[in-house]
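Multiple structures are listed underneath, in structure tokens.
Next, two complexes with chain A in common: one pairs it with chain B, the other with chain C.
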Partner chain A sequence: MNAQTFAVDTPFIEARGLTTSVRTKRGEVPIVTGFDLSVRRGETVAIVGESGCGKSLAALSLMQLLPKGRARVSGGEVRLDGRDILTLKARELNALRGREIALISQDPMSALNPVISIGAQLREAITAHSDLKGEALHARAIELMRLVQIPDPEARLREYPHRLSGGMCQRVSIAMAIASQPRLLIADEPTTALDVTIQAQVLQLLQRLKRETGMALLIITHDFGVVAEMADRVAVMYAGRIVEEGPVREIFRNPRHPYTQGLLALTRHHPRGMRLPEIAGLVPAYGEARTGCAFADRCPQARAICRQLTPERRSVGPLHDTACWLTETGEVA
Partner chain B sequence: MASHRILPSPFSDPLRFDGAVRTKVTSRPVILLRRLVVRLVTHVLPLMLAIITGTFFLIHSAPGSFVEIMSSEMQVSDQAMIDRLSVTYGLDQPLWVQYLKYLKAVAQFDLGFSYRQNLPVIEAVLHHLPATLLLMISGILVALVAGVSAGAVAASRPNSFIDRALSMTGVFLFAAPGFWLGIMLIVLFGVTLGWLPIGDMRTIGADYGFFGNLLDVGYHLLLPALAMGLHQSAIYLRVTRTAMLQAATADYVKTARAKGLSEGTVILRHIFRNALLPIVTVLGLQFASVLSGSVVIEAVFNWPGIGSLLYDAVVARDYPMVLGIIILSSLVVITVNLVVDLVYAWLDPRIVLE
Partner chain C sequence: MTDVFLRFTQNRLATAGLAILGLIGLIALSAPLLFPGDPLRIVAPALQPPLTDGYPFGTDALGRDMLAMIVHGTRTTLLIGVAAATTAILIGVTIGALAGYYGGVIGSLAGRLIELFQTIPGLVFLLAIVSFVGPQLIFVVLAIGIVSWESIARLTRAEFLAWRKRDFVLAGRAMGMTDARLIFGEILPNAIAPVIAVSTLSIAGAILVESGLSFLGLGDPSVSTWGRLVGEGRGLIRTAWYVCAIPGAAIVLTVFALSLVSDGLNDVLNPGSRR
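Our next item is the complex of A and B:
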């Protein structure tokens, strides 16, 4: 785990009250609501949650990369070094993407354009923010390929994505993402589509690059193993909200939200022959009018107030927040 | 805590376990050339044989023969003379003998002699083919330029007013037969407005010098090319719109945007480049129907292409001429499809693996 340097620095990027809505036939439905998260320089933050909880959508909102016409940020703000990104013009956004914030996607095979060579795609990432040309450009591409440990980079640059394995493609994606030395790398489920042995390699690679470049990492995952391995801080999302946030050690040692507790219970070692534990119930459907805590229906400790009022995030320890009515002793706060 | 840790992999050497699929890299021109040769042998030759055979027996099974038609036109009733003509043209021999003789001649690049035109078939066809090709290529260019750009505009604003308007226009143009569109264009631009000529390929009896004549042909070409192209453009509009909308949602487009590329670069290099694949496929598929469509357009605009030649030959049972036209135009269609095939392989590097 990395040295915990986060307390000393100011946030590099900060989302406040971010709400992201998706357009459906029945109108706009907010998927991410009241999303507050900050990432400091050089820090690794993980957003963890189950499929469909809005974690990818929230991350894409930070880069203004939501699918046009189908989703949009409908509230809140995202500040990067104090500037609100949501009000930037297209040109200003392009200057920021790749240079300040970069992205690697979940499925490395489809994240690369099938009809453009690896070399051309990598060079494009370099020239988007530099004036390198000819030999110097080629040299930089080779350097980046070496940095992500791709063997025989000269030959690989001439290849097309379908000729490379999934792990190789993910390395290429990472090389493209770090081409302009971004200050924040958003990794959206960077290992989900990969074989287990390759997963560890990619995570190690990300760790090393982060150490060498000092960039911050925002990892979106549903895997607490990845969180434990990589992150300084973790935010747990449920049904579009952050329900708990804090330093990784603290969250693992002292989870306060019943949802976090449930998730962690699932990841512990289970004796053979025993029925695997589960969190009973279903995730609420989006667009349903609801009051109170979204987790209340599945929560083993739910009280009357949980179904009436949505809990605000409150501090329960140093840098440790939770959005739950219950105190440590089971009282209503 | 320990249970959450990912164990360090014993296979962490990337050179050993995460290497790319290592195969011999063959240069792409070589792959494309190899593909061309294989296509020629496995596709083109059998296809040509089938076309020649089919056309030969079809045209011969039509009632009446060249000699009968000629003799009735000339009002010859002397049976001895008719028989002598049949012997002269080899029509007295069994059909299969005629067929084999014809095949032998074609294999030696001899398409025979036209009874009707009193010319070698190849000469007559080559004289008329350029006009048809010019019309076809202009029509396709009109269709591509109009269809692809309208499709791209429609895709940039899906479900907007402009998208709906373009789609409606497309449906109308596609539903309207080419010849009707041609007649309407003639009525509007040729008769009512009087801006453009209503037929023929050049101004009769005029000579404006080399460049002047070229301009003159272009002037005559405008209406027939529009009539053909606008009708076809609807297909390209549809295909382009769908392909671009689909490509726009791809992950690699998100990657391209995340790099900080300008919107223009994203659309041209990443979205349009991928949308080209279905457009090229349709281009190849449509080519044959453009050729048959041009026969009709030639009739409407009195265009001196192979359309009228073919019509005369069929009516007169001018067997060598019919066969010659069919063979040469099939060759054109097959060649174009071969080129499309290669272009496709060139555009999509995944193809050559299969």
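Our next item is the complex of A and C:
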């Protein structure tokens, strides 16, 4: 309630020092460490990183959707409108999921239940947070199908998921996610499983829904193209940490972390016939005892201190910060 | 659904099984019309051989009409089989779902419970329960259910383990659905197909177990099941073999038909051949 009276730029959701650990045979291994990120109302934020850097796990932590018994938040806090959601009971969480924060996942085909009709699934999603019945419920389902631009919604509602294309399925799962008008939609690699022409359509759809409903978007992706098209701000993750965060234009124009610089270099156009550029080396394995910056072994500019101490995030410009020793001493590439 | 039925009918053996079961069901339903009055009353001289005038299956040691007893036995036998299997399915699906859906304490408790029942010899446990609570029909049904839910639970657990990791379950959680809604509304419809196939078989299993119990004379004495008829005839097997053999054949036929249907269902509902 006090959130309404605050300025628009108070964060809707804010993670501070979030640490998420996964249970393995060798004990608990932290996968996401010291994760600080906030999303304001109506804002689009992107988390970028390689496969396995912990970006999906971080997103699931924000909704308390970690697989029970296998992963847990082991430190830090997540505040939603000022409430710490890590301390909420199951029932309070269920009241908040879908209505405050919603999620769409990577693989649209498996995001829908194969043995339940589209209509029944959509109605389930609607009634999760409303008492609509009969005609009104059906009308709302049709309205949602129109909102995600599915042609001939009446007929589609009677279909089963295997009769729909991947793009269609993704639209249906978006419709289900926005059924209770969430204020934040987390999209985990929303276009990765789709082919290129459909990708653009789904991104446009998300943009339009965001404009029409005023919800905030948190997009998880490994594709800087998606970031450039969609996001206001971007956080770059490496080995479970955010290494750089800032407004999209600023990051594209003036990347400060060597990892961001490397990733951006990969997205530029390359002359034909040349070997595709890469960032040398591999992402460090989890559970390895590690001192210093996780990127040091692959960093072309690493210095002695990089292997000894983990750098803290510090500001390098308006709203722009990075965790890199090079920026501390003013030596920037 | 019609699709499933069409594919089922393409399997000739399964269709034959279904036809036999239909006939048996019809006999069970129309028993009071076919043989009005008490089937256990004495109607003729004892031990008339089969094909005697008016008594195609002959009479037993007390002079009761074998055919009337078999026809009425169909009712009780099927009733006990279906009711006991239903008990087993309810227990098995619930515990299997808990074991498969939940990790942590609930999951491992349910898992251990399944393993515990796996190690108990069914018939001995059944005899123990029935001799403790008494042989009334309802107790017999419940006891058979209690000793035979474990295989259904193991299957349900395996299905739940496979389905709970799917994105649509995560999506459901992300929408704020409760665990109960996810278990019954989302996962169970996917997991139920192989359970249905096995459940058909567990009706057959229940019929066999009940027959065994009645054969030993531990069934409900106030109802006549096929197993009891076999049991009562066992002393006469050298002189009047048919008193045992005819109800025995009825049991074999029913169990065989149920197996055929279960196999057919398994083929049709097998997730590998779906979609």
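The rule is short, and it goes like this: the second predicted complex is superposed on the first by the 320 of 333 C-alpha atoms of A that agree within 3 Å, B and C clash if a C-alpha of one lies under 4 Å from a C-alpha of the other, contacts with A are read in each partner's own complex, and residues count from 1 in each chain.
As a convention for this text, a residue touches a chain if its C-beta (ideal position, glycine included) is under 8 Å from a C-beta of that chain, and two chains touch if they have at least 3 such contacts.
Worth saying up front: this structure is predicted, and the values here are computed from it rather than measured.
When both complexes are superposed on chain A, chain B and chain C clash.
In the overlay built on the shared chain, the residue A:M63 is in contact with chain B and with chain C.
Of the two partners, chain B and chain C, it is B that touches more residues of chain A.
Of the two partner chains placed around the shared chain by superposition, chain B and chain C are both touched by A:H129. When the two structures are aligned on the shared chain, A:L112 is found in touch with chain B and with chain C. In the superposition on chain A, no contact is made by A:R79 with either chain B or chain C.
Using the contact criterion defined above for the overlaid structures, shared-chain residue A:E229 touches chain B, although it does not reach chain C. With both structures placed on the common chain, the touch criterion links A:R97 to chain B and to chain C.
Residue overlap on chain A between the chain B contacts of one complex and the chain C contacts of the other covers 63, 65, 67, 69, 94-99, 102-103, 105, 107, 110-116, 124-125, 128-129, 162, 173, 176-177, 179-180. The touching residues of chain A, counted against chain B in their complex, run 63, 65, 67, 69, 90-91, 94-99, 102-103, 105, 107, 110-117, 124-125, 128-129, 149-152, 155-156, 158-160, 162-165, 167-168, 171, 173, 176-177, 179-180, 197-201, 203-204, 224-229, 249, 252-253, 267-269.
Of all residues in chain A, only 63, 65, 67-70, 93-99, 101-107, 110-116, 124-125, 128-129, 162, 173, 176-177, 179-180 touch chain C in the complex they form.
Touching chain A in their complex are the following residues of chain B: 1, 3-9, 11-12, 14-15, 17-21, 23, 25, 158, 249-252, 254-263, 265, 269-270, 273-274, 277, 347-350, 353. The touching residues of chain C, counted against chain A in their complex, run 102-104, 107, 165-168, 170-178, 181, 185-186, 189-190, 275.
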